[in-house]
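Naming follows writing order (A, B, C, D and E), and every chain is counted from residue 1.
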């Protein structure tokens, strides 16, 4: 399927609905007094888009808009992820005191725009779309990060994010220009063909890919492209940090996988990926993965700010996910997809609790969690515990299954990747320390006389409980999700 | 091999005291409060007395059988059965164990009865009898056990009970420590015992006869011939291990140190432990496994030498003791040495015979001493006694008989049994051993008479108050004394020397213990007998002179001052001068030396070993805490440190963040150019 | 001639130099606006590449169009970036990136 | 034959935990008694299992199997054999008793009992699971409640102890996870079914791996997997040098949790080795057993005993005695003789009951004196005779006194080991002396001597406490007198295990 | 040397030179104004490369838009009356080294790489074609870009509003 513009619109439902919602939000913002209604509208739009996305599963796979984007299960998967993340974020924002003080109409508009950007990142099959969509997500992210008015941290985080993102994407397009120069095309399929045929300068190719890696890498937050993330997560409004940690990360992985795997590699008869020759991806990814998880975990150890800690933990998790990439197998990729879903659930949950506590105490400092369980917040404390242990990768929580599948994929490859698995194992143990530290503070420490009883927003509860239940349920019975992620690994390849 | 005869009543010999112990142990406090101490006494004594009756019954049953079939088995159930290891919960009565159970229940029963009087003022009366019964049960299990493992149950059981009994007055730390010492030293012995058992079992098993049952083991013993381990004969190694066990239980050098300390317990306990039961376990065990010991000449040699050393050393120490019980304690050690000399020269029957006779006179001595102590309000120092014979005539007479017996006065039990051992030593070509053993016998006579004289004769040295209340002990205490004294007189006649027609006792044991060959003529035997009598008599005489006649003042030996000899001359003891220099001084010096050796070296080694172990454990504890755990913590610290270093990169400065991108890219490219091209 | 208007490499080298200068700028400048200028240099360097490749290589207009999109997004980014800079200036009264370090370890 | 018994045994405590959570949090009595009631059915079922267990067959009994995650061939698969049934019995019994021992807890009662029941479910699951994935889930499920139980209800340094325990165990279990996956991919078809893995044991390669350090060590796939598993289990045992979590965890944990920790959790290490390393990796087992089980076990015995001797904290002493006693288990396992291996498993059972008693007894005195410093007592026997009597029983059992259960297992272990490695048997036997040393010394310092004035009026052990101790004491004596009650269960399965390894032993 | 070549050299020099001033100048006003030279120079290069429309866009947007924005920002953040208009820089030496290495690598690679080449390089007017492409093949990117601009606009507006809306 290779469609032109108008024909493509038939398969463009999710995007169109989302765009429509965005425009509607802009307009309605002028009239609606109760801004909560806008949030509801945004959620409705997302749900509609979600339904429309599921509708597309029955459609034939193929190119849309003159081969600009691709319609396949893989892109649909990320659309679902983006929409779920958006829904959770909006829901979380509803009860957040931070968001109550900002321009909510614009806030939801930009959030949905960001989600839309994720759509395109996942489905881009052209370097131009890749760049544009990345910038769409980035720009909205910069703005949303700096969204808290007259807030130093927020503005500063936005500035750092912007500069970092600008340089990273600048580097990326410089690299893309070289690819363009070597292959004469911007289209993945054509690039792949050219690479397969032509005699390339391996060094130039490697350099170009490294430049591109910088652009994608900063989205995925892996070391050393991670530095912005702790500052940004800390400064940004908490619900948006959640979105950033999940959707932006997932989008980065999506665009990376799309570009390197179905984009410019070939599938061998055995079903494995034969990457561009002369580029040592396994090694690069292997080391990137090991360094990323180690640095992330080590830095998280002594954090007192929960959002910062979660940022570092996010880096570590990016490292875990990179394991799945490094081995260049479908098992690895499917494990990544599984992990993304699980990570979405548990990380949003974790940020939700952080938001709840921040609502109450006004800070994300770990001291605010002292004796949480004994201050009338047993349920959030228990849920947070579930999320944190799930992030650690302990059974019977979903995070364990995620790691389990990743380890399984890595060990299936065996050989030098065993080292990777061992490093990951050591990291899991290290990570337990800082996750458990939070649990310790919540349960093991007694509240001090000055600590107040806890009051919880209802809207938070309605999100918290399902997430916690899902975290446990997926840890015990994960067959459907495995099935789904395996099927989502169907790429459209010419 | 004949099928064993299942005899159901044997189990009750063991179980009755056990039941008594359980009743008194669990309910004793209440019974004592509701029904008084008499009830406790009855509960405790009855099982042992019934046990004695049952033992006699067993004996009668045995005598009815032809010698080769003289064994009764009471097999309760299979205890452990794993692979080739099969140990039944079964009790065996054969001639050897029949003798032993008679001794244990008989003498034990008497001690029980005695104790009801002796312990009457103690509030923990019930607890004492619970322990006592348990002790008896354990000893009986040891003796009756059909296999080594079951024997070991009793073996450890007596260790435990001795621990409890020695430390019975636990309010004093010294007593508790003495109990600990006994138990731990015994454990060292057990360690050897267990290893010996293992070695025997597996060596037999390698020939397809893995068993721990005594009769089976004896049957297949010959298969061990030629087997080696660590370059030595298996039998030798195994018997050496076993002897370590026996040495621990029977207080042989170097493991005897616990025994003198064990006097911390109430006197009936000392009687029970040192006369009838626990300390004899080692001798019993070697007799039980005599087949194996006989196959290991080296072990036998060693046993004989150690037995001799023990006998002599203990005897010399006993010379100077002033504590009435300490003298008896060292004498026990010394007598046990004699028994091991018997074992070492192949005279297992003789050793067991001495065990039996010793049980009588030593029990009598201890109980007599107990009677004295009881009368003296728990005063144990002999220097504060004297002249007791008019106050407590019955005690005196029984004590006297026992002293005669232990000194080896002809006709008494001790004479026959000790002479048997000496004769065997000589006739089996160990003249040196014989000679030294005879010397020891002389010392025995000396110190026993010394005790007799110091306690019962002369002027009373007790304070006025004590003297006022001196009285003969109640009948429950004197009756056992009388019975035991009679035994001490008469029991020797069952084991007459060959010259007088041969030992009934040895013949009785023949199904279990192969009769040793006797070399040498009757004339020689008589001659040797005369020598030993003479030596003993000299010892007694010396003692008489010193302590009865007061010819020598014991004080002088205590402070060997410069004018020592002149004083002797002044007192006109011309003949004794030589004795003085050669024997007494020499012996005293020796005794002091050994005493000091015992105190500063042996005891120090034992205590030092404990201290050393504690020190090692302390160091080990530190090692665990600081090194092993420290490494774990250090690892954690390193991780933290690294984490903090990494975090330091996060300066908050965007320029430095951007370096990350550039450095990563440049580094990757350089690596690519350098290594991957 | 190596460095001439008809040689692709001459454009690429100019691009590379601009890229390097841009990088140097973002690495060393403390002033947020200067850093943003450095970013613009980087974007321009990429654009030079695209247009050059478009001219010498692909034979179609893909590269030029890419460059135009880059220019558009650069404008968008500049707008957002400068808005943030102004917001920060109002809060901190400086735009020295070093001074803006409430977020750090 | 389909039975649901095991499933019920696992899930009744779990359901109980949920029920407890739903109870009003102020009604302490209700919560306590409901929890106690919940542990009764598993105990009855365990008894039923005991009665109906066929001691003559090798295979697994009371098996229940259901597909769970078909995509990865993960099953819900439970069953018991001789090795596990004794542990199931022990777990059921100790859980029941420990509920009563926990009645004194008055902080966050609801949470405590809910977590306790969750822990109970996890323990049952570990011993019953025959699917590796299931096994691992249960294995880890125990961690969380344990962490909280130590961390919230523990002593002064509870946080340190809890996190240390947690980190150590997690480290071991993630290694184990890797090993599990490695086995999974080397099983054809890929499955987590333990029985299939056991059947395919000979397919797991033993060729030495071609890269350092494995080529130096001559380690093949089996060896590497064995090692990973072993470290996981050794931490639980705990074998030197992975034992340092244990003294801390034991000392800080509340009494009942110490009991569970020592009574059940430690057994999981050795149980795991028997269940997994032995039948699945026989060649590696045969190669590694001498050093890593035998010699290390003997070292554990001595090291633990020496450490125990150096302690001044009564509970720490008992904790180190566990290190020592678990050494016997390792030593016995390494012998591959009938006596040795049976003795080892019997020792697991016995140590479970004896150490449970010891910890309960320490708890009794701690509740009264509020400290556990050995030197701070003295002469307690005069004040608390009943308590002292029971303590003596437990101490003597721990010492391996004949007639009590510890004796049987220790003698069997040493006897079994003697045949293969006399040297190790001698080393192990020295532990007997050392054990007597530190226990008697302790008895002397705590119970004997003049009574400490401070504790002249200390109350005697009460009925509830006696109730928790008497069944254990009875078992200690019963097993000592009639060990067949346990040995009969084990023999067939363990002999079969031996037969798997013996052909691979180096001659 | 042809005149066009000379012009090329000149343009190249202006581009690189003013970029260097942007980078190294101590005064931010100088930097901002030199940026004009770079942008214009790049536009000139575009003309050399036959990209007339792009050159126009470059001038319009960069010079007319972005540069003006930047100057505004500079003015707003530094009151003109301030004597010192700082443009501090730090850590130049390490940056110089690493960027130098990097530049060497780049140029080396650029020269060694066999880029794709078409035989005939002829000038054709591009405007019409580009317009066609925007409505055909590049319609989606075009729309997407518009979305980006919309988002940027909203964002810039929101961020620069001073008041907090309650």
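Keep this in mind: a residue touches a chain if its C-beta (ideal position, glycine included) is under 8 Å from a C-beta of that chain, and two chains touch if they have at least 3 such contacts.
Worth saying up front: this structure is predicted, and the values here are computed from it rather than measured.
Participant: In the chain contact graph, what is the shortest path length, in steps, from subunit A to subunit C?
Facilitator: 1
Participant: Could you give the fewest steps needed to travel from subunit D to subunit E through chains in contact?
Facilitator: Steps on the shortest route: 2.
Participant: So which chain is farthest from subunit C, going by the mean of the CA atoms in each chain?
Facilitator: The most distant chain relative to subunit C turns out to be B.
Participant: So which chain is the furthest away from subunit D, centre to centre on CA atoms?
Facilitator: Comparing chain centres, E lies farthest from subunit D.
Participant: Comparing chain centres built from Cα atoms against the global Cα centre, which chain wins on proximity?
Facilitator: Centre-most chain by C-alpha means: D.
Participant: Could you tell me between which two chains the number of C-beta pairs in contact is largest?
Facilitator: C-E
Participant: Just give me the whole-number Å value for how far the CA centre of subunit B lies from that of subunit C.
Facilitator: Each chain reduced to its C-alpha mean, subunit B and subunit C end up 98 Å apart.
Participant: Could you put a whole-Å number on the gap between the CA centroids of subunit A and subunit B?
Facilitator: Distance between chain centres: 79 Å.
Participant: Centre to centre, by mean C-alpha position, how many angstrom separate subunit A and subunit E?
Facilitator: 31
Participant: Between subunit B and subunit D, what distance separates the C-alpha centroids? Give it in angstrom.
Facilitator: Roughly 38 Å, centre to centre.
Participant: Which subunit E residues touch at least two other chains?
Facilitator: 90-91, 95, 98-99, 102, 105-106, 110, 115-116, 138, 141, 145, 148, 151-152, 155-157, 159
Participant: Hunt down the residues of subunit A that sit against at least two other chains at once, touch-wise.
Facilitator: 128, 132, 135, 139, 142-143, 146, 150, 155, 158-160, 163, 167, 171, 178, 181, 184, 203, 207, 230-231
Participant: Among the residues of subunit B, which ones contact at least 2 other chains?
Facilitator: Within subunit B, residues 647, 650, 652, 654-655, 658-659, 662-663, 665, 669 contact more than one other chain.
Participant: Please list each pair of chains that are touching.
Facilitator: A-B, A-C, A-D, A-E, B-C, B-D, B-E, C-E
Participant: Which residues of subunit B touch subunit D in their complex?
Facilitator: Result: residues 25, 29, 77-85, 89, 149, 152-157, 160, 163, 167, 170-173, 176-177, 179-180, 183-184, 187-188, 190-191, 194-195, 197-199, 201-202, 205, 229, 610, 613-614, 616-622, 624, 628-629, 631-632 of subunit B touch subunit D.
Participant: Tell me, which parts of subunit D touch subunit B in their complex?
Facilitator: Residue list for subunit D touching subunit B: 164, 240-241, 243-244, 303, 305-311, 337-339, 342-343, 379, 381-382, 385, 389, 396, 401-403, 407-408, 411-412, 414-415, 418-419, 422, 425-426, 429-430, 432-434, 436-438, 440-441, 444, 447-451, 481-484, 487, 491, 495.
Participant: Subunit E touches which residues of subunit C in the complex?
Facilitator: 3-6, 8-14, 16-25, 27-31, 33-34, 36-38, 40-41, 44, 47-48, 51-59, 61, 64-65, 67-69, 71-80, 82-87, 89-90, 95-96, 98
Participant: Touching residues of subunit B toward subunit C in the complex: what are they?
Facilitator: 647-648, 650-655, 658-659, 662
Participant: Spell out the part of subunit C that touches subunit A in their complex, as residue ranges.
Facilitator: That would be residues 12, 15, 19, 22-23, 26, 32, 35-36, 38-39, 42-43, 45-46, 49-50, 52-53, 57-59, 62-63, 65-66, 69-70, 73, 76-77, 80-81, 84-85, 87-88, 91-92, 97, 100-104 of subunit C.
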